[in-house]
């Protein structure tokens, strides 16, 4: 039989990155924008995107320096074996944190809106089980799945966001250019969290078949998800106003639930939730795969398919232990954003500086 | 080979453990067994502070039966009541009165009685709003009479009450008689500090519901009401797209206009002494629907009517704004306009104190666009 | 996991040794013709349809013609073999040598054999054996004459407009139909034999300058690894050469129509024709292929596009509707518009079963009916169908066992699955529908979406001969994606679809390089 392919072309990279960025970034974005920056919170996100562009350039440069290796593999080269392995495990721990936190958030949301009598543990099992199966298909299966679901979900999400502007009041997002001290730069740090999904590029960069195009593709995916999340934030703040957004646990679902086509369609919430759930399942599969592959490379034993199984109970118990209630999830959100900001920007930067100094790669 | 068998065994164990965990259907409940609530009302009870009532349709009556039988004319819903110290207690009593589980996923209107509305509506809406399934576009209304009697009666279309209210607000022409308000907008207005909510009023008349007028709020308490005429003026200021206006002219004639469209620009200015003045410019366009005596509307006639209409609307708006200021209620959103133009000052003031002292400068412009079938 | 074992190549890479038959040994022929004939008759077990025609010259047996009358045309043997031999013997009055024999015969396809085992094999494969006195070799002549079906319309894939020739069970007829359409010298045809006892002939057909050589090589490799005693139908071969994954989806395409095979060969795919089977195999196959029907191309492109869209939407609805309906009715009724909820609640008041059980019963009843109706005798087919289906359904609704909406949904879903234009794919969608149904019953809306993603992830990981199953959506190949949901007119689509990585991109011969999606 034929061998398993691991080459990712530019189109596939675009789809899979978009899935991760949008799926993980959209849900609490209006809340964070409204809380830390007020009525013109969308500027913070705009500045965060500028930071993300810098991050993408950095990832591209790192990828070119170490063409065939993923970060777990070249960290020992750059920093020495023991610090390299420690940094690698730090990276993987962050990915575990990311998976558990976002999965808990999504499971809590599904439970609140659709299945409030089902025990949380069962929903978590279902969600994680399916993500594990997706991760088990390998990078080949995950990218093709992301490419397959992209057109339909994109159209549905754009329609939902478009129609959520129905009761948009321009006054709610004004004053547009009001600068209130350091609120916006501080808010930028908080709003950077949708771009944490770019840290997976560190692991899957060696699989790209066309590394020259990699920069353009990553920029394209980040730009597309930025535009849509930006529109979502503007829509949510415009409809509810910033203090109004703070009331809701899941403002994005609320704003799309409200969108409707008079006499034709009662609510768009169904379409948006279905598309978003599909995207997040795929994104969790991608992160799970990155985690499994990273663990396999770090410990240099077995392969990622084994680790998909081995890590399943680990992740499940972390989720049940730490994030079984929605208030814990919200509480951990602040730490997630800050720690993630430091790690996502800091780690590649640190590795790059070291490799330039030591002239490796 | 052994390792592969071990992995296969692990997978099968995991698979079956998932299956055993998911063996129950916790959320399944038949749709005809749920008590799909249609409308809910809050009132002050006789013995207890809170009374809740839920209107539940009888499932078997919803599909049209064989035409001509008496079933066609039977009442299609019933009301379940409960009273208690807190909202939750009252709610529990409601649940104990029905065989099915009251389900709020399809609720279409919430009615608040005046007693309760003059209290703090935030608590009530908080209780309802936390139900995850409640549709955000539920209509919220205030009633001056007894909501129980109101929802109990069988209206002329034999619709269940929630459907009736929903249908009412779907008709474009009725939206200026009583400005419709959704649950999500009430919540949003309660959170914003620069605008106050306003709710339509429903009451019983002629064996039917009558939805006309607006209850105005200051913060989360009801402070007064506007009748139908004042509601239309409020709609004019907020920007309506369909409305009515009756104008007695100075020489004893009368003209009535409909299809009123209006656009308003509000511009705050602060004088040196710190007095805030709002310049309100309203552009209104309309069509003639009735004129007494019947005459052709020529160019001079049009200019005359327009001039009189401008004066009339200006007076109406002034009266309304004075009344609202007296009640300390700001449904138009003047605070928001001030906030946009002077964001730094907004942080420092308390709008509730400042609002009764602002001045208004009103300017209207009227134009007649159509005259119907006659000239 | 399960799949690792099958992703690596199988352990026994070596060629399978053909088993030696225990009955017929490999031995040389005897020089005495009577002994040779005796050996042959004994090895074949003296079958009842064997004709042994001896040609005597002055009471000595000079030649013997042995053939099975059920496989060989007796007239042709008489005309082209026996008559020339008789004439020669009459005129020359002497023994025949093989060289002279060949000159006498009018038949063209002849082979010389000197091994008893091979001779008996040729005998049971439909050759006439000619044995000569004093000669150790036997001549085998092929003069086929057996009962076969005429070329008829393909029963499973009927079209309104299109050629009405379908494949029949004879390999040579099928090959001739293909050759008549593709008169290209680049057409390559390679024959193989599979099946120990059936010795079925297979022909591998492809265009040499268009098909990807790696795929052709893989086809040959997989065909040679088949180790089974009998091939009854192309389905056996399809299962053997598919990539081994636990999947309900068909990974090769089987078809009965000639125009589909020819279109596929023109796209750069490889066709495998199997003797004794009316269905022939085309590899590689992607999911998209199962939704394209030749009719799309014979009507204009607007019709083609419309039909494809209907097919896609029909399949999606057929698979997801029971799950969604169940989740809306039992678990998440807030997602429906209020008037539908009131209608639903009203029509379900008298039904005794919960929605899950009701839907399951109706589905099961319909599946039983469907399975049984295949075997109805034709003359009472209509009556049983009407009586069983319609009257039973109406009676059940009137009594109140099931509600009307349930029956409507079940019938619609089962019928809509048939918009998938390939029977194998349609079967797989049946089972997928039940998976989504179970997921919807347990977890409602979230369950249906999750199960749907599970199925999609499974499909995304499938590969057919190295081509992703979800191409052209999978790796997004832009030029091919346009052709998947819609049928773009010919003046826009002069390129071959790059999904199958053909060597020649442009249908008219210009090479533009390979795509890497």
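Letters A, B and C name the chains as they come in the text, with residue numbers starting at 1 for each one.
Simple rule for what comes next: a contact is a pair of C-beta atoms (placed from the backbone, for glycine too) under 8 Å apart; a residue touches a chain by one contact, two chains touch by 3 or more.
Here the structure is a predicted model, which is why all the values come from computation and not from measurement.
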item: Nearest-to-centre chain - CA centroid comparison; value: A
item: Top chain pair, ranked by how many C-beta pairs fall in contact; value: A-C
item: CA centroid of chain A to CA centroid of chain B, Å; value: 39
item: Whole-Å gap separating chain A and chain C, where each centre is the average of the chain's CA atoms; value: 45
item: Whole-Å gap separating chain B and chain C, where each centre is the average of the chain's CA atoms; value: 65
item: Multi-partner residues of chain C (at least 2 other chains); value: 1, 4, 331-332, 338, 443-444
item: Per-residue multi-chain contacts in chain A, two or more chains; value: 114-115, 118, 126, 267, 305, 309
item: Interface hub residues of chain B, defined as touching at least two other chains; value: 7, 11, 22, 27, 133, 135
item: Contact set on chain A toward chain C in their complex; value: 1-4, 7, 9, 11-12, 15, 110, 114-115, 118, 123, 126-127, 130, 133-134, 136-138, 140-145, 147-151, 209-210, 266-267, 269-270, 273-274, 277-278, 281-282, 285, 305, 309
item: Interfacial residue positions of chain A with respect to chain B in the complex; value: 112-119, 121-122, 125-126, 129, 167, 171-172, 174-175, 178, 180, 239-241, 243-244, 246-247, 254, 257-258, 260, 262, 267, 305-306, 309, 312
item: Parts of chain B lying in touch with chain A, wherever the complex brings them together; value: 7, 10-11, 14, 18, 21-22, 26-27, 132-133, 135-137, 170, 184-185, 187-188, 191-193, 333, 336-337, 339-341, 343
item: Chain C partner contacts - residues on chain B that touch it in the complex; value: 4, 7-8, 11, 22, 25, 27-32, 34, 36, 57, 59-63, 103, 105-106, 108, 133, 135, 162-163, 166
item: Complex contact set, residues of chain C against chain B; value: 1-2, 4-5, 329-334, 338, 341-349, 351, 354-356, 441-444
